[in-house]
Amino acid sequence: MLHPITTAHYLVLSAALLLVGTIGVLARRNIVVILMSIELILNAVNINLIAFSSHLQQVTGQIFAIFVVTVAVAEAAVGLGILIALFRNKETVLADEVDLLKW
Amino acid sequence: MSFLDSIWLIPLLPLAGAAAMLLAGKRLDQRARAVISLLCPATVLASFLLSAAAVMELAGKAGKAHEVILYTWVAGLPFHTADGSVARLSADWGFLLDPLSSVMILVVTGIGFLIHVYSIGYMGHEGGYYRFFGYLNLFVFFMLMLVLANNYLLMFVGWEGVGLCSYLLIGFYFHKKSAGDAASKAFIVNRIGDAGFIIGLLLMFAVIGSVRFLDVNQALGSGRFAVEAAGFGTLSLMALMLFVGATGKSAQFPLYVWLPDAMEGPTPVSALIHAATMVTAGVYMVARSSALFSLTPETGMIVAVTGAFTAILAASIALVQNDIKRVLAYSTVSQLGYMFMACGVGAYWVAIFHLYTHAFFKALLFLGSGSVIHAMGGEQDLRKMGGLKNRIPVTHWTMFVGSLAIAGIPGLAGFFSKDEILWKVYSYPGGSAALFGVGLATAGMTAFYMWRLMNLAFYGKPRMDEHTAAHAHESPRTMTVPLVVLAAGSVLAGWIGVPKLWSAFPDPFRTFEHWLEPVFTPVAAHGAPAAHHGHGVEWMLMLLSVAVALGGIWLARHLYIHRPHLPGSMARSAGGLYATLSNKWYVDEIYGYLFVDGLAKGGGSALAGFDSRVVDGGVNGAGWMTRFGSTISIWWDTWIIDGPVRLLSFMVKAASYPMRVLQTGLVQAYGLAFVLGVLALLAWSLVR
Amino acid sequence: MTDTLFFYAFALMTLAGAVLTITRRSAVHSAMWLIVSLSGVAGLYLLQKAEFLFAVQIVLYVGGIMVLFLFVIMLVNLDLAARARQFNRQWQLALASALAVGGVLFYFIRQGAGAFQPASPPVSSPVVEGNTERLADELFSQYLLPFELASILLLVAIVGSVVMAKKRI
Amino acid sequence: MSDHLLSIVLFTPLAGMLVLLLLPGSNRNLIRIWANIASFAGFLVSLPLVWRYNKSGSGFQMVEKADWIPSLGVKYMLGIDGISLLLVMLTTLVGFLAILSSWSAVQDRVKEYYAMFLLQQTGMIGVFMALDFFLFYVFWEVVLVPMYFIIGVWGGPRKLYAAIKFFLYTLAGSVLMLLGILTLYFQHFQQFGFYTFEISELMKLSLPLGLQQWVFWAFFVGFAIKVPMFPFHTWLPDAHVEAPTAGSVVLASVLLKMGTYGFLRFSLPLLPDASVTPVIVQALAALSLVGIIYGALVSLMQKDWKKLVAYSSVSHLGFCTLGIFALNPNGIAGSVIQQVNHGISTGMLFLIVGVIYERRHTREIKEYGGLAHVMPVYATVFAFAMLSSAGLPLLNGFIGEFTILQGAFEANRVWAAFAVTGIILGAAYLLWLYQRTMLGAVTNPKNQGLRDLNLRELAVFLPLIAWAVWIGVYPKPYFEVLERPVAEIVERVRPGYYGQAAALSAPSGGLR
Amino acid sequence: MSEFYTSVDHFVLVPAIMLALFGCAVLLFDFFIFPEPRQRKYLVLFVALGLVFTGGALWRQQHFLSVQKIDSITAFGGSLTVDGFALFFNWIFLAASLIVALISYKYLETAGEHHGEYYGLILLANCGMFFLAAGTDLITLFIGLELMALCFYVLVGFLRSDRRSNEAAMKYLLLGSFSSGFLVYGFSVLYGISGSTKLAAIRAALESRDASDPLVILALVTTSVGLLFKIAAVPFHMWAPDAYEGAPTTSTAYLAAGSKAASFAFLLRLFTGPLAPSREVWEPLLAVVAVASMTVGNFAAITQSNVKRMLAYSSISHAGYILLGLIAGNDTGIQGVLVYVLVYVFMTMGAFLVVAALRRKDALGEDLEDMAGLVHKSPGYALLMLIFLLSLAGIPPTAGFIGKYFIFLSLIQTGHYVLAVIAALYVAVAIYYYFRIVRSMFISPLKDASPAATSLGLKVALAMTGLMTLAVGIYPEPFLTMAQASLVR
């Protein structure tokens, strides 16, 4: 009945998470939520890395994951900073109201 | 140095005169006209004397030919002739004096000199005096080049040159639009002929490998080429093409239309260029190519028939013309037709003989008419003349002689040559009774229209207004002297070509034929030997022609003196025919419709449209979409000039917008594009 | 056996949290659900014997980033945004294309485990020392460079966010 | 020193330009004087070429060779043969006259104007001298930019459109040509193991016919657009009509020759098999013939004086290309001579338009008429230009046209037959133009007070007229100069043309 | 020196250390030594100094390589490799940073946002680029990329009070981190495939698998998507026009030159290294992308009226051209990519510099109209701009032609005739919009006579770019040999 969990399971899961994140990025108007969705994507990557590293019985993947987390933090920080600057001038956090630059 | 070696000076002297006019003419014209009046005729006289001397020397020379080569003019590169042998595209700057060219240069310089003298008086009161003489000298130069050249290519130089001068001289009164038109018409129609000439030359290069007269004759005579009696071969084509050139220059059907219009030029010009010399260049050229034509009987036939047709056509038109100069112009065309008839049947010396006599009396008639016009204060319409006999006696008597001569009254120059032509046309193997008939009819018409002219101009009661009548006076000496000289010529010139029939006269009276004999390949080369005709036939034909001539004269006198009302009624009764004749068989109209409007203008504009629309690419769209198409005119303009580039730029711009529209400025749309890209790449690598 | 159950539990937690994150109207709720999702991931880390990462996940993400997010959400008052539509005009299209990508991904995976093989694990004796130690060893020997580099990265992040967010520098 | 004669000739105008840039822009006359001096110097230094060129010497002469980009096998290599010699002389002379002619015509941005001309001068000379394909391409492109500015800045009302059209058209052609060049370059590497752009090296290639044809078409696009041959000619009227006088003169006299020169120097020798492929030869001959007749007919209908001349160029260049693809000595030699002739005659015609445009600022033919009364000298000069362009014997045009016709006739009699009609029409539209502008009464009062040519303007025309007469009366030197190079080209495309000829000539004893 | 940080490691790392050190130093100085806004311009000197030191370090490495006759030095257990390739690109980065620093102060003063952080970020970004060029380990590369990217997010948004700048930064950041998510996802799969993050190991692993392996394809596609985003290739280009337009022009120049060059270094490392085995998969993909980039870039640029935006599109099309070199893939092609990048950096920066010079307090000076009649008010700028544009279009004898030359040649050598023809024809299309600028500069009448900005730095920078653009065009030999020596072996 319950078969053992293989790496493939993790890959499927991460793929799914990636998709959810992607949808979030593409569909939500609120920039904050978009940033969150990006976090989701990075987590999907991490699931991949961890799965592989345990599959390969080495920690490289985990290290990689740590760095991914770091990057995620950094991006979030800068992103929110920019968001604040934007909000200061434009009074909005909705992605589709930001379209001065086009064509 | 001998005169023979200095023949290259003969053309050069008039050129010097022309150059002088071009450089210093204007100043001379203002300060010292006399200088011009002396200098220019002097150069021609000089070259006449030189020519005479050279001819004398030539007479004494064995072989009767002398070639002087200055240097290689067109020193082209090697090429393959039709038979694969190698030849070099080359033409000398060289001169050939032989009996044929000697006759020509004497005529050109002699008549040319007389007409120069005449012009001193005739143009005395005209502006652009120096221009006129400059052109005239230039013409003499080119004409001499034409007849003295030792190869066809150099001959073509003169050929084009005289065309240019006739253009300049016809357009001399260039403030008159008609003059300009006539000039251009003459040049362009001639160009059509020249195209034929050029192709002929190319063929000559391709087949024979050289265009030097001596080479060509030697090659054609060498038996390398058989007589093309069987079919219409390369040589026949070559000959035909040369003849096309001749029809242009010598105003034969279908290219004769320019000559009557050329009468826009000053009368001396008409006399020199359009009667005595230039228009005979074609005849000279055909005669020069006798070796070729003798190998191509079929072309010869074409020549003869064309000549005959032209002769009678022009004569018929001349019957009803009212412009004194036009009558003479058509008469010239018709006389040239005679000459080609002679050439066609292979009686080249007779053609040249007629050319020579014709030069005298036709020049005389033109100058005379000029004198008449001069007296009438510029009036050229015969219907407004009449009764000038006593007002301008010298002109009258000289023209009287001229008219008799052209009509072919025995003893006068015209008689000998014309009668010889008729006889040869009848008797030569190439000829036929039909041709003779046409010739005879033409002779009758000639006599008629000439005497119609005489009667309308000199006899009967004056029809001009008093003012003109009061001022009608004899022309100055400078004009009458040439008339007299020419009249004398018209009487005497014929006596060196007395028919063999008149056995009473010793051979010296037939110098002309003997003189020209060495130049032309004997008639025997025409395949079939000359059919023998009895003396009786010849006598009969001669009398017949004389009778016809007299008949024509009588009819003219009857109609225009005794029954002046008749012509009008006849014209009315035969309305259609009359209209057709006076409208010159509508040839000009037909041509105008066919070529000028049809081909050039129509084709040109069609192509201009084609160029802008089709070639310039599917401009419909381009112009239609063009961004700054403000007013219709601009729109049309851009539409017209638009090209593929516009089309391209349009398409690019058009393509530019969709690409930019994707750039909505919405960050998530960008993300979407990104994801679609991912999808595309994944899918692609999946399906491969 | 239990691993299997735990896996599905955490997987459900992760995905559900993720989905709710991107579907909640209010950003605050999204943040909360994100925490849930991240914790689920953390749980998966545990299952894979990545204790250290588990800790990092909880502390850094759930602790650090979420605080940051909430802070921002408070700073830029979002009630206005909360009342607005939460999905943009292209969301169906986005959904469709994302699912299409998913479809392709799953096609790959459906090709079977055989065609879907990561590198084969070394047949080594099961490791005795704990996860964190090995991690440390690797990190400070093999991956010293990225580690140093990461510090610069964080510096940039700080400077950057300060430059951006601060009213006047 | 004199070993570098070509370089000197090449760079004199450029040096002149550099000095020019240092002069104060405010002092116009100084600039004008200097520009004229510089260009005249350019002409003077080119004169020694004439007597230092050895007619009997084969191949290229006065060759200069230096490494430029060794790693690409690119060399700075100059050299001239008879063909280049004539075109270089044409360039230096016409370039000078063009600059002389614009003394009073150009009033604004004088400095840039002359700078552009001098720069362009170097570019054009370089095109005719380069023996390295890369170098050639560089010069080829260098010419574009100044001409763009000359048209675009000092041009007529629709100058912008004309300028960019010219630029785009030519560039599109030349980049495709570049691909062809690179193909040869690479093929050479594959066959000989080293990279070079040297023409003499590339001539050693032996390429399969198919490839040759591809490359040929690539070259064709580049050259045919420049010439311009029939379907690609539409940039020409625009460019000519809008360009300032001197611009049109240089454009017509020299720039167009770059295309025909390209055919002669590259297409034929480098791709001999492709060049004799019946399809290609017939196609190009057909295009040339269409160009001849078509250009003539279209110019018959023009209402714009300058546009008429422009279209006449299409017709005349048709003769040049026809001669080239007759692929026999006379065709090619005639083509080269005709190129020079066209440079002289059409150059004069454009100058003539310029003179009157400077006085009346319109090119509408119907605006004029009877100018011969007010400007007799002008009318005379015009007559010379017209007649030489119409190919009247004793003037240059005839020599070129007849030689080309002979060559074409040898190749294919029908071609010649068609081409001859071009001569008739040529006379037609030129005479018609002359008649409508010069003859007749002065209808338009505006034309009453026009002043005749002044000395400077006359000085511009006299050399050209003199040259026209020289070629017309004594063309021998030109044929001598061309004999060797042409023979080499013909031998290249049709090996044994001469040999076979000699063999055949023996029995029939060959007439002179 | 421990066993984990050997002298070799140090020797290899020095340039990065210098950059980081001076980066931080500048930040500190800005705080403590130059509180006065007026004095901030002296920070440029520090930047220059830092770059000089870095250059010195690079030179030592170069020297070492040439003396030892070795291709490369590997450090940190294979995560960092200094070879000709890395050095070549690092020189380019240095030049770019220097130029940007030189022009920045004037521009930022005019724009009213002159802060020391800008210079710090320039240096730190350059540090990130260093690792992109020299890194041979996925993690190092990833961190380097992010380091550079973060700096650029800030640089783009540096005009904090300007909405367009904010917006540009926001968009760039969102899409950038989104794409790097995909990139690192691909990395994770690569790691899974090979069990290592070292490029060499990955290559070995890929060679052992067949190219149609789904994992490989997955990794390949996601990775290349991330890379293509960085070089702004269609359809991952859309951030570029907005970011370029919104950013302060100096940042735009840096973005267009530095970031793009670094990304190409990164891309080449991966595609000529680990991903080389599966060429058969990605060659057609890249071909499509390249053609699409040239098409969209050129066509969209045609009708732009904002010069910066137009140049952005042109840079997209240039990315397409450079990719063609990679597609051809033979030595000529790669050398072509290197040369093209070198050339591209200078000409495109030059163009942006001129645009930057037109910035004034009141006017952005980015529109085609603002260029009208430039030749009348500052002929020098106009002339230089002309040179840059000709070079961008690839007209000899400017540098751009040399780049195009290599691309065309490599395509012909490898038989990609169709691509060659397309590329050639797009040259003609490109001319059209480049010459819209030329037209407005030289032919249109002068709009406003207010003089263009000028400063010593601007002059020097323009001199550098102009000189290089001409030098490479007229005497390319040294640069070609340099590129030749920098091929990845």
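Each chain carries a letter (A, B, C, D and E) given by its place in the written order, and its residues are counted from 1.
Definition applied: contacts are C-beta pairs under 8 Å (C-beta built on N, C-alpha and C of every residue); 3 or more make two chains touch, one makes a residue touch a chain.
What you are looking at is a predicted structure, and each value in this text was computed from that prediction instead of being measured.
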_If you apply the touch rule, which chains end up adjacent to both subunit B and subunit C?_
A, E
*Middle chain, criterion being Cα centroid separation*: D
_From the C-alpha centres, identify the chain that is farthest from subunit B._
C
*State the pair with the higher C-beta contact count; candidates are D-E and A-B.*
D-E
*asked:* Report the inter-centroid distance (CA atoms only) between subunit B and subunit E in whole Å.
replied: 78
*asked:* Between subunit A and subunit C, what distance separates the C-alpha centroids? Give it in angstrom.
replied: 6
*What whole-Å value do you get for the distance between subunit A and subunit D if each is reduced to the mean of its CA atoms?*
66
_Between subunit A and subunit E, what distance separates the C-alpha centroids? Give it in angstrom._
26
*Junction residues of subunit C, two or more chains touched*: 88, 90, 94, 97-98, 101, 105, 109, 116, 118-119, 121, 142-143, 146, 150, 153, 156-157, 160, 163-164
_Counting only residues that touch at least two other chains, what does the list for subunit E look like?_
139, 143, 146, 150, 153-154, 157, 160, 169-171, 174, 178, 182, 192, 195, 217-218, 241-242, 432
*Could you list which residues of subunit D touch at least two other chains?*
164, 168
*What are all the chain pairs that meet the touch criterion?*
A-B, A-C, A-E, B-C, B-D, B-E, C-E, D-E
_Interfacial residue positions of subunit B with respect to subunit C in the complex_ = 666, 668-669, 671-672, 675-676, 678-679, 682-683, 686
_Can you tell me which positions in subunit E touch subunit B when the two form their complex?_
170-171, 174-175, 178-179, 182, 217-218, 220-222, 224-225, 228-229, 235-236, 238-239, 241-242, 281, 284-285, 288, 295-296, 298-304, 429, 432
*For subunit C, which residues count as touching subunit B in their complex?*
88, 90, 93-94, 97-98, 100-101, 104-105, 107
*In the complex of these two chains, what residues of subunit E are touching subunit C?*
3-5, 9, 13, 20, 23-24, 27, 76-77, 79-80, 115, 117, 120-121, 124, 127, 131, 137, 139-140, 143-144, 146-147, 150-151, 153-154, 157-158, 160, 169, 192-195, 205, 213-215, 217-218
*Touch list for subunit E against partner subunit A, complex*: 138-139, 142-143, 146, 150, 153-154, 157, 160-164, 166-171, 173-174, 177-178, 180-182, 184-185, 187-189, 191-192, 195-197, 241-242, 245-246
